[in-house]
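Have a look at these structures, which come just after this line.
The two complexes that follow have subunit A in common; it is paired with subunit B in the first and with subunit C in the second.
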Partner chain A sequence: MLTVVAALVVSAIPLLWLGVNPLRSYREIFVSNPTNIRGLANILVTTVPLFLAGLAVYLPLRAGLWNIGAEGQLFVGAIVGSAVALNLSWPSYVLLPAMFLFAGIAGGLYGAIPGYLRAKHNVNEIISSLMLTFTATTFAGYLLRGPMQGGGGQSATDQLPGAARLPTVAHPRLHVGVVALVIFAVLGYLLLNRTRLGYEVALVGSNPAAAVQAGISKYKTYVLVFVIGGALAGIAGIIEIAGVHGRLFEEFSPEYGFTAIAVALLGRNGVFQVLLAALFFGVITAGGTTIAVTQNVPTAIINVIVALTILFLLTADFIRDHRITVSYDRSAGSDERGVEGAS
Partner chain B sequence: MSTDALLEVENLTKRFGDVVADDEVTFSVREGEIHGLLGENGAGKSVLMKMLYGLYSPTSGTIRFRGDPQQFDSPKDAIDTGIGMVHQHFKLIPRMTVLENIVLGERETSSPESATGFGDRFRSLFTRERDRPRERVTELADTYGLDVDPDSKVWELDIGEQQRVEILKALYRDIDLLILDEPTAVLTPNESQRMFETIRQLVDEGLTVIFITHKLWEIEQMTDRVSVLRDGELVETVETDDVTQAELAELMVGRDVLFRLEKDAVDVRAPVLEASGLRAEDDRDIESLSGVDLTVHEGEIVGIAGVSGNGQRELAECLIGFRPLEDGEIEIKGETLTDATPREFVDAGVSFVPEDRYEHGCAADLSVMHNAGYKTYRTEKFESGRYFLDYGGMAAYASSLVDGFDVRGVVDVTRTPAGELSGGNLQKLILAREMRRDPDLLIANQPTRGVDVGAIENIRRLMLDQQEDGTGILLLSEDLDELLDVSDRILVIYEGEFVLETTPEETSKWELGMYMSTGEAPTQEPPGEIAGVGE
Partner chain C sequence: MSLAAGLAESTVRLATPLLLAAMGEIIAERSGVLNLGVEGMMLAGALAGFAGTIVTGSAWIGFLIGMGAGALLALLHAVLCISLKTDQVVSGIMLTLLGTGLTTYFGRGWVGGDISGFGRITIPVLSDIPIIGFALFSITALDYLALLTVPVVWYFLFRTNIGAEITAVGEDPETADTAGVPVFKIQYACVLLGGVFAGAAGAQLSLGFTNFWATEMTAGRGWIAVALVIFAQWQIWRVLAGAYFFAAIDALSFRTGGSVGDVFLGQEALATVVNFLVNPQVMQTYPYIATIAVLWYVMRQGNLNELGAPSSLLKPYSREQD
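Moving on, here comes the complex of A and B:
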């Protein structure tokens, strides 16, 4: 809590510099915006992709792996889901599940690549998943200027048919995709804390050598966490398209897949913590967009505030968790020095 | 021996929340003495020493060094004052060389007069000055007989060698007081003897040593005085010459300890393990197991004696499917398991107590419950539908293990991380996990290493009970007393091969020691009695 306050105090500096009253901005972000239906809708809608992509990072993290490629998996899900929507003229109750299914499968398969490479050939999953993200976003760029380009000359698809749009409730922006928050929070919790697989993931994440001796297949676990994570990110992608934008275009994701890393780190103690972290980022992002309009704050500054907040929270977390080991950091520091000296 | 107190500790207390690890501990260490510190697992020895070394700050009480009160904020303060420590669990960086590990954290090279400005520093990188630390290390190593190659990487060394590096690391820092936390727990008898000579040499050179151990005969043989800790309180400090081992044991555990286990004759039955021609490589891809044949029968304890690093670890890991075989065959109860996965070995009823509790024996940051169940979680006992796991049942199972095997320090099985247990209690938890599943074959690598006398007795008793239930046990140990006490047969491993097969009745510690260190039959007559537990 203190860290949030500290982050807000530091974030006040650029706001003051712009001649904006930070207290007014903060009241808007944390009080006014969440308490009106439009603001709340925005927050929830923003939280959905953050949470799902957050889980996509969190799940491999539990097994000791870093999925930096949630953004790529999200893109692949969005592409495949959109392709299904644009090419099949099925009724809504068949089309929507099909879109979600194929988006999930595509994201999962895309996630399987770094998982498989790590499990079978010990390829660093951080690098492979990140590279695959660039591959996916660039490929999306190609598709949107080529095979999937719609009318109007923009690098975007046509509008998805009405049957492919998620219905909204209570507010025109509040699509039913927000139930994913509840569904996947519960499923994620059950998976990690009630199933055999969840137990194996925890064990592999804590001590792979011990897990292997216990008869757990590291290979299977590594591939599975990446597949499930990728599938969740893929679903996040199609929810964003079918629920919010209505068509696929290049900048449809404000880097949800990367913010997801911060979400997963912040919520690394459990699935519900990931949900809270996603919600927190949802509040700041949605509120930020609002004050950009109402108080004429440049959106770049909003990103600065978000970044500062992440930085503060993660640093504070790190210091809190590592207090005892701080003394070792000294030797780690001189370790670097030693390496310099040797090179 | 001087009577000046080098180190005085007064009413030192350390609390972790509600747990009092050390309660008003008062004792003093005289200059130039070897001061023993004795206590059961969890008696507060390690915490006490960590306070002296600046790793923990005391809740209350004072530490005086050469009469001056000290406050250590970090190990660096302690080292600067002149206190060095060799930990039970080594603090080395495996990826780096011995030399790099030793000089790590030193801000100056060992020739401070020449390295003043940046230019000099920079130049010194390219001149002979860089060899100064190397010369110093080699010199220290020669003087004290701590024989290690300064350029080998630490991960390539076995545990005994790593310990020598740790001691060199401490000596390199010009200390007056050296704390050795269970130094011989990982050494063979012969290596221990060499270590003792080293310690005596250190003391002759003016060093003072605090020597922490579980082994009573080491206290007897090595120390001038001994302080006994029990449940975080200092029971007494006594002159070693004035007490017997039995008296020390009683001070330590507060009850009489049974030293010799009664061992009933057990009928030997069908073989549970038949292995032939086993060959395997170590982590450096060097052959370390050169064709061994091994049979363990139901209800039989086969002891493997050997100096650490002669292929024991590789043997144990091959027999659970964790390390690939280069050649050879393994059958468990007649079923061929050559090249099978660890899971198939687990399912075939093979249990394993690894040499390194933290690295291979547990998932340290997971709860006791997670750790208690990980060999049994796949059985129908915890089944809850096809995919689900019965966590409630598992917690209950973990509690029953904790109670049944007297694992202390567990507040809540679902919350207390296994890594927070003391070494001996963690070992009990591991044994509980491996034995409660009633294995057909138990492979135990150094199960009593670094465990206190009371727990050792427990652990050996557990193995004997398990044997009576028909489990075949392969016991790899460096403790010859243990091997002679519990084994039905003893094999000596030397450079990856068995060089002797014998029984406890036919052999002696002396003969085993000779085979272990030379691989050959003794060529001379045995000397007089070698000191040993209870003898």
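Moving on, here comes the complex of A and C:
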């Protein structure tokens, strides 16, 4: 909480720089925007990709791996899902599940690459997932100027057919994809806390040597967390296309996959904490987009707040870890004042 | 200018930011600190350099300001990773987000600005050498500078005491510490130097290449520099070769109109494949794929040491541990 406040205080500096009253901006982001139906719809809709991509980072993190490639998996899911939607003229109740299925499979397979490389050949998953992200986003640029380009000369596909659009409820912006928040929060919780796999993931993450001793396959765990994570990111991609934009274009994701790292970090204590973290960044992203219009602030302020939140989160970690050392030393009977002075 | 000479010239010029950023990255990584904030630091350098040039009227002072901006972000990375022992990956990604956000935010007022930047310096006689003459002897001062840094950094890292100490810190900080090497000072210096180089790479883009500022103008070059160091397996001369390889791909991708296959091959299927492979956008993915391929190839038959990665990369060093 303190972390968030610190990030907001520092973010006030660029706002003041442009002559914007930060209190007015924050009131709009945290009070006015979430309390009207349109703002609330925007927040929930923005939280969906953040939460799913956040889980895509969180799951491998539980096994001790960094998935920096959620953005790429999100793109692959969006590309494959859109391709399905554009090429098959099926009725909505068949088409939508097919889109989600193929987007999930594609994202999962794409996620499997860094997982497999790490499990089999000990190739650093941070680097491979990062490289695969840029491969995917660049390749999307090719597809959108080539095979998948729609009419109108823009680097975007045609509008998806009506059958491929997620229906909306209560507000024209609020698509039914938001139920994914509830579904995947529950599924994620059950998977990690109530299944054998969840236990194995936690053990591999906390003590790989003991896990191997206990007969758990590190290979299987590493690949699985990346496949499930990638599938979730892929589904996030197609929800964003089918629910929000209605067509695929290059800048459809405001770096959800990278903000997801902050989401996973902020919510690393459990699936529901990840959900809360996603909601927090959803509020900032949706609110930031709103003040960009009403108060003429560049939307880049969102990136600044997200980055500063991570910054203070990292700093807070250090202070917290340090405190534990101090209390430990105290119980061990070492010089209290000396240790406290050092902190 | 012939096609080959034009290609050579673009390759050399496109290699400059990659070379500068990768030289900084290799110094930081050899001391054991991975810097994923290069892209953000390059953007900071590009904007600060551009704004500095407009304000002071001197491209060289602007270039220095750009280097300072990169160093400032790197200082944040150093404090977080070295003093606070936070996760290097998260810190680096955060810095790229921060750099992108801040430059987009503050850069709005500088879009559309115009400077003359660094001009070409043509060396007579030498620049008349066919194909490579123009590419190597009619470039900006910053391009010469980038080429010059390669042997300098090589000498610094592999032939001086400090270079040896950096390697020792990157391989085994505990032993280095025991031997009296100032581990933290060296890591700080290396990360800061990395930031200076990244800032220089960014400033080179806005002052010596485009002569204007545009939002996210680095277009992923910072990430390619990160890839390049891994692709080159932490060896200076391979970075040089890799920078030219990646830059040549970039230069080629500007020139292939997607009809190469039709010209060279009669068969339709082959022509389709070749056209796909030389498509400018598809070619842009090659540096990333090549990096994964190199990693995979080396790791398949060896281990991290054979890869050439510093052993303590990504591991924060704490004297209190154990």
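One rule holds for everything that comes next: the second predicted complex is superposed on the first by the 316 of 343 C-alpha atoms of A that agree within 3 Å, B and C clash if a C-alpha of one lies under 4 Å from a C-alpha of the other, contacts with A are read in each partner's own complex, and residues count from 1 in each chain.
The working rule: contacts are C-beta pairs under 8 Å (C-beta built on N, C-alpha and C of every residue); 3 or more make two chains touch, one makes a residue touch a chain.
Just so it is clear, the model here is predicted, and its values are computed rather than measured.
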Subunit B versus subunit C as contact partner of A:Tyr199, first or second or both or neither: first
Touching partner for A:Trp66 - first (subunit B), second (subunit C), both, neither: second
Partner chain(s) touched by A:Tyr93 [first = subunit B, second = subunit C, both, neither]: neither
Residue contacts on subunit A - larger count, subunit B or subunit C: C
First (subunit B), second (subunit C), both or neither touched by A:Ala209: first
First (subunit B), second (subunit C), both or neither touched by A:Ser217: first
Touched partner set for A:Phe134, first subunit B, second subunit C, both or neither: second
Where subunit A meets both subunit C and subunit B, residue numbers: none
Complex interface listing, subunit B residues touching subunit A: 54-55, 74-76, 93, 96, 100, 103-107, 125, 320, 322, 341-347, 352, 354, 359-366, 370, 373-375, 377-378, 384, 387-389, 391
Touching residues (chain side subunit C, partner subunit A) in the complex: 36, 76, 80, 84-87, 89-91, 93-98, 100-102, 104-106, 108, 220, 223, 226-227, 230, 279, 281-282, 284-285, 288-289, 291-292, 295-296, 299-300, 303-304, 314, 320
Subunit A residues within the subunit B interface of the complex: 190, 193-199, 202-203, 206-207, 209-217, 327, 330-331, 334-335, 338, 341-342
Residue ranges of subunit A in contact with subunit C within the complex: 14, 17, 66, 68, 117, 121-124, 126-128, 130-132, 134-135, 138-139, 141-142, 145-146, 255, 258-259, 261-262, 265, 298, 300-304, 306-308, 310-311, 314-315, 317-318, 325
